[in-house]
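Chain naming follows the written order as A, B, C, D and E, and within any one chain the residues start at number 1.
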Amino acid sequence: MSILSMSNIKKSFGDNNVLKDISLEVNKGEVVSIIGPSGGGKSTLLRCATLLETIDGGCLKYNGIPVTHTNESGKIVYEKNLNQFRKIFGLVFQNFNLFPHFSVLKNVIDAPVNVLKKTKEEAIEEALALLKKMGLEGKENMYPCDLSGGMQQRVSIVRALAMNPDILFFDEPTSALDPELTGEVLKVIKQLADDKMTMVIVTHEMAFAKAVSDRILFIDKGLVVEEGTPAELFDDTKNDRTKQFLMNYNNI
Amino acid sequence: MAPGMVKTCAIFFFTLLFSLPLGLIFTFLHTSKNRVISGIMHFIISVLRGTPLMLQLIAVNFGPWYLFGIETIREKLIPVVIAFSINYAAYFSEIYRGGIESIPVGQYEGATVLGYSKAQTFFRIILPQVVKTILPSVTNEIITLVKDTSLASTLSYAEIFLLSQQYSNTIQQFTPLLVAGVFYYVFNLVVTVVMSRVEKKMSYYKI
Amino acid sequence: GKKDVKLKIINEELGAEYYGIAFRKGDEETCKYIDAAVQELVKNGEYKKIADKKDYKDIVGNLMFLAEDYKAKEYDVDITNAEKRTFTIGIDPEYPPFSYMGDDGKYTGFDIDVCQAACDLLGWEMKVFTVDWDSKLLQLDAKECDCIWSGMTIMDSMKEQDYVISEPYYYNTQVLVVKEGKGIKSSKDLKDKVVAVQKGTSGASLLDDDLKSLKKTFKEVKTFKSFLVCFTELESGGVDAVFVDYPVAKSYVAKKNK
Amino acid sequence: MAPGMVKTCAIFFFTLLFSLPLGLIFTFLHTSKNRVISGIMHFIISVLRGTPLMLQLIAVNFGPWYLFGIETIREKLIPVVIAFSINYAAYFSEIYRGGIESIPVGQYEGATVLGYSKAQTFFRIILPQVVKTILPSVTNEIITLVKDTSLASTLSYAEIFLLSQQYSNTIQQFTPLLVAGVFYYVFNLVVTVVMSRVEKKMSYYKI
Amino acid sequence: MSILSMSNIKKSFGDNNVLKDISLEVNKGEVVSIIGPSGGGKSTLLRCATLLETIDGGCLKYNGIPVTHTNESGKIVYEKNLNQFRKIFGLVFQNFNLFPHFSVLKNVIDAPVNVLKKTKEEAIEEALALLKKMGLEGKENMYPCDLSGGMQQRVSIVRALAMNPDILFFDEPTSALDPELTGEVLKVIKQLADDKMTMVIVTHEMAFAKAVSDRILFIDKGLVVEEGTPAELFDDTKNDRTKQFLMNYNNI
């Protein structure tokens, strides 16, 4: 059974049909990358999946349980208790969205303690283990503003992992970083992939997407233009739009 | 003139005590989704900010008598603090609103995705950051408040300005007014120093 | 220069008037008790003792010549058996010698002393309340104080509005204060000049009323919140004359010309 | 009460006319490299901002007489406008300073590299951007000014507040004060509308 | 004769010796790229060259004319009239530094008219030609805020070119841009290189530096660690620090 199942998702902002008809299944342990030109709808898709936007059509399921259903008049109705689903996934934002007034440790343990109602000791123990794993040992008492962008992003990954999600979403996790800091974050995500973490990653780092993904979706104008394994998509590109897009990246 | 200083300080402290939380309530009402409530609050705030505090003092003092025949209160500290608190709450509420709006939407989204409730998000994540960002504006208002206490003389509340005016009549010289001026200046210096201490205390993080 | 300024009083007995105590509309009861108590003070000599205090006498001279009238009156109240209460006297604290702020920062003055003595007789507790002279009657209405007793001129308009007024206790005139050496000898010389009055005083209302025709000869009448500002304006050349109660003029000019 | 309104407007317009440029001069002096000049200016501004305007009005009115024996001016509009202009210049100068500091250093560097002189950089590149950024703060000050005109009553300048207070004591009713309140409110509405027009006009670009 | 000559440049901020001893000659028509880790001193070097920072030691010359000389007591003294040198070079900033209150056209012509005292007509004519060449035709009356980052950067290049400089400096001209917009700016710079414009480019785009440069300097900790043609530096890296740095870029 797939962890995430999005079928025929539609989403408009006013007259702007941002997602026209997108379906996506993610199974346990899979890493799916989403690539595509700016404005294509990648972030919107992720925001719909993470319940930050409401969909206008289609169906969204987590672990087989529907989050939405369509009522008699064709309108999408969301479940009452959405927090049960929020426990299933985690989201890593492009610009981290760490809580600046909390120390690194507090950023990581605050939600486990206040949302999952873990004991503080337990939360701290888990947090320290995760921070260590992500190369952030000894940074517990620093504040986000004192960390480099790469470290901040790793903290935000730890924050998401501390909630013990079944699936992790990334929206361009490195695009707000200095080029040289990009590497450290990508390395951490690679490590998660090696640990068989289920992930959906929106990225502009083609080389990285190629290296880490089981499957890649190319999205443009609210539709999945092309989908396949990295080998299929990069080395045997079928669609002209995809070809053009990939060329832009390769010729610099 | 020492009793005048004490009475000035009384206005100052009670006004802060009441207007700071009252401002938050104003903000909630003003940003309420109910159009009627937010509209009324918007109007009230604009009147409070758009008319002289001197007038509001007179209105609070005599209003109940004129409108309902209710006896006015002899202890003038009460109408003074009521008028000041309502007036300053309007200013604080606008500062709060600006501060809340300045918090990036990402902070809300970050909290939502982690499963925080609305109340948790506001009180754990947003408010502490708002407090930091609005401190300089709040300091400005507090400095204005120190000076505005002199308006309480309108209701014959014997704060330092009125007392020094009366005393200058006794000794037929303006020196007491000068003393009052120094008092206000020093009071404001103290406010500035205290607030910059508070700001420094909050500077352990940057947004 | 500042130091050379000498002031002088022109007393043409403009607007002869009486001082009295104003009580709230319908509050004859309180008025009677106070009048009766003052009568008793006059009889037992307490009143004269207060009037003879140096601070007061130096300024206004004889405070007694209307007091004798009290002796003749009859009041149907028993001052030895008055109901206990607090009695709040409304004063203008910038009006020596009737009510002002003493050097110790406490409110004092002839009116306050008499009121205290009367309250002692009645067994009442006295409280002093400073009013804004401009809106004193409003404040009386609104029960912020129980009387206005502060060198207050009895005006016809007050009686018309049904305020209860005590026996008059002091005779007063409005005078003009001018700078010496400016050639102003009488009110006629103030043609096209600027005159200052204090807000809410009888001088101010006289000019709008009985002395309308005199006011018309002035260039302008300016109202200030306090006497000190009026006099400072006069000294510094902001106005040519101050129209003011005689006791105030006398006390200020005496201090200034020392 | 119409003459009162006219006189209130007179304070308003003359104060703006003088304080806006005077504020810029204050800013220049305050940010001067000469420590003595900037120190003195800093103190003056802090006194002007730290003491009640009511006191400053009295000081401007009687100061020349007390200090130098100079006769006070009979047309009270003059001391009123002087006191207001100096006071508001202090506020405006702080706004200007904040505005100038908010312009990114890159704007100076961009201009320097292109060979602009210091004066050209300030008047062609920096000042126009400053004007845009400070507009909201300036609007706030102007609204405060509208209300502060009521303080001119201290010097018996017959603006609307004084007139309406006198009139309401004469007729023993509140109505004139209410009318004054409406006047201030409407005046401020007009200010707000005009300033938001100006802001809109400047919104052809974003910074 | 070299257009820019920097010899033994030293620059400290307080105790921080940012430039320890850097020499750089740039000849007419040459394209020199400067790469290196963050904080290495690349920007500082460019800012010293463009007179935005004053040097503490060494000598700076434009077209053979010294901008600085060392006085008896060993202090660096700058020439009085620096604006004569500012006419020789142009600088393109990382974050463009366009004047937001000027339209595109005014951004370009304002300095020629007010600094070079050209007539407005002449300045406009030249500006339009340059804008056209840089693919900005028809954007004259727009304001910077209405342009994409890539367009803004191209306008800022045009602004610099309109002053007709002998040499153009770029400080990471694409690092403030979205990945997909990077290409258009790099294309424009390439075009300038093809036109034999003399340029010094600080960049993190290794592929681009390789493609466009005649010479590349690798700067770290205020020193030139390695210098050479692209081929020498990339394919025959000598220094270990350089190797490590280049690896970081290649392994993503």
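Quick note on the criterion: a residue touches a chain if its C-beta (ideal position, glycine included) is under 8 Å from a C-beta of that chain, and two chains touch if they have at least 3 such contacts.
These numbers come from a predicted model, not from an experiment.
Between subunit B and subunit E, the least number of touching-chain steps is 2. Steps from subunit D to subunit E, minimised over paths through touching chains, total 1. Counting C-beta pairs in contact across A-B and across C-D gives the higher total for A-B.
In this assembly, the C-alpha centroid of subunit B lies 39 Å from the C-alpha centroid of subunit C. Taking each chain's centre as the average of its CA atoms, subunit A and subunit E sit 37 Å apart. Taking the mean of the C-alpha atoms as each chain's centre, subunit B and subunit D sit 22 Å apart.
Residues of subunit B found to touch two or more other chains are 62, 174.
Multi-chain contact residues of subunit C, defined as those touching 2 or more other chains: 138, 232.
Looking at subunit A, no residue sits in touch with two or more other chains. Under the contact rule defined at the top, the touching pairs of chains are A-B, A-E, B-C, B-D, C-D, D-E.
Subunit E contributes residues 37-38, 175, 178-180, 182-183, 186, 204-205, 207-208, 248-249, 251-252 to its touches with subunit A in the complex.
The touching residues of subunit E, counted against subunit D in their complex, run 50-52, 83, 86-87, 89-91, 93, 95, 97-101, 110-111, 114-116, 143-145, 159, 163.
Of all the residues in subunit C, the ones that touch subunit B in their complex are 88, 93-94, 96, 100-103, 105, 129-132, 138-139, 141-145, 226-228, 231-232, 252, 255-256. Partner subunit C is touched in their complex by these residues of subunit B: 1-3, 62, 65, 71-74, 154-156, 158, 162-163, 165-172, 174. Touching subunit B in their complex are the following residues of subunit D: 46-47, 49-55, 58-59, 62, 66, 143, 146-148, 150-151, 161, 174, 177, 180-181, 184-185, 188-189.
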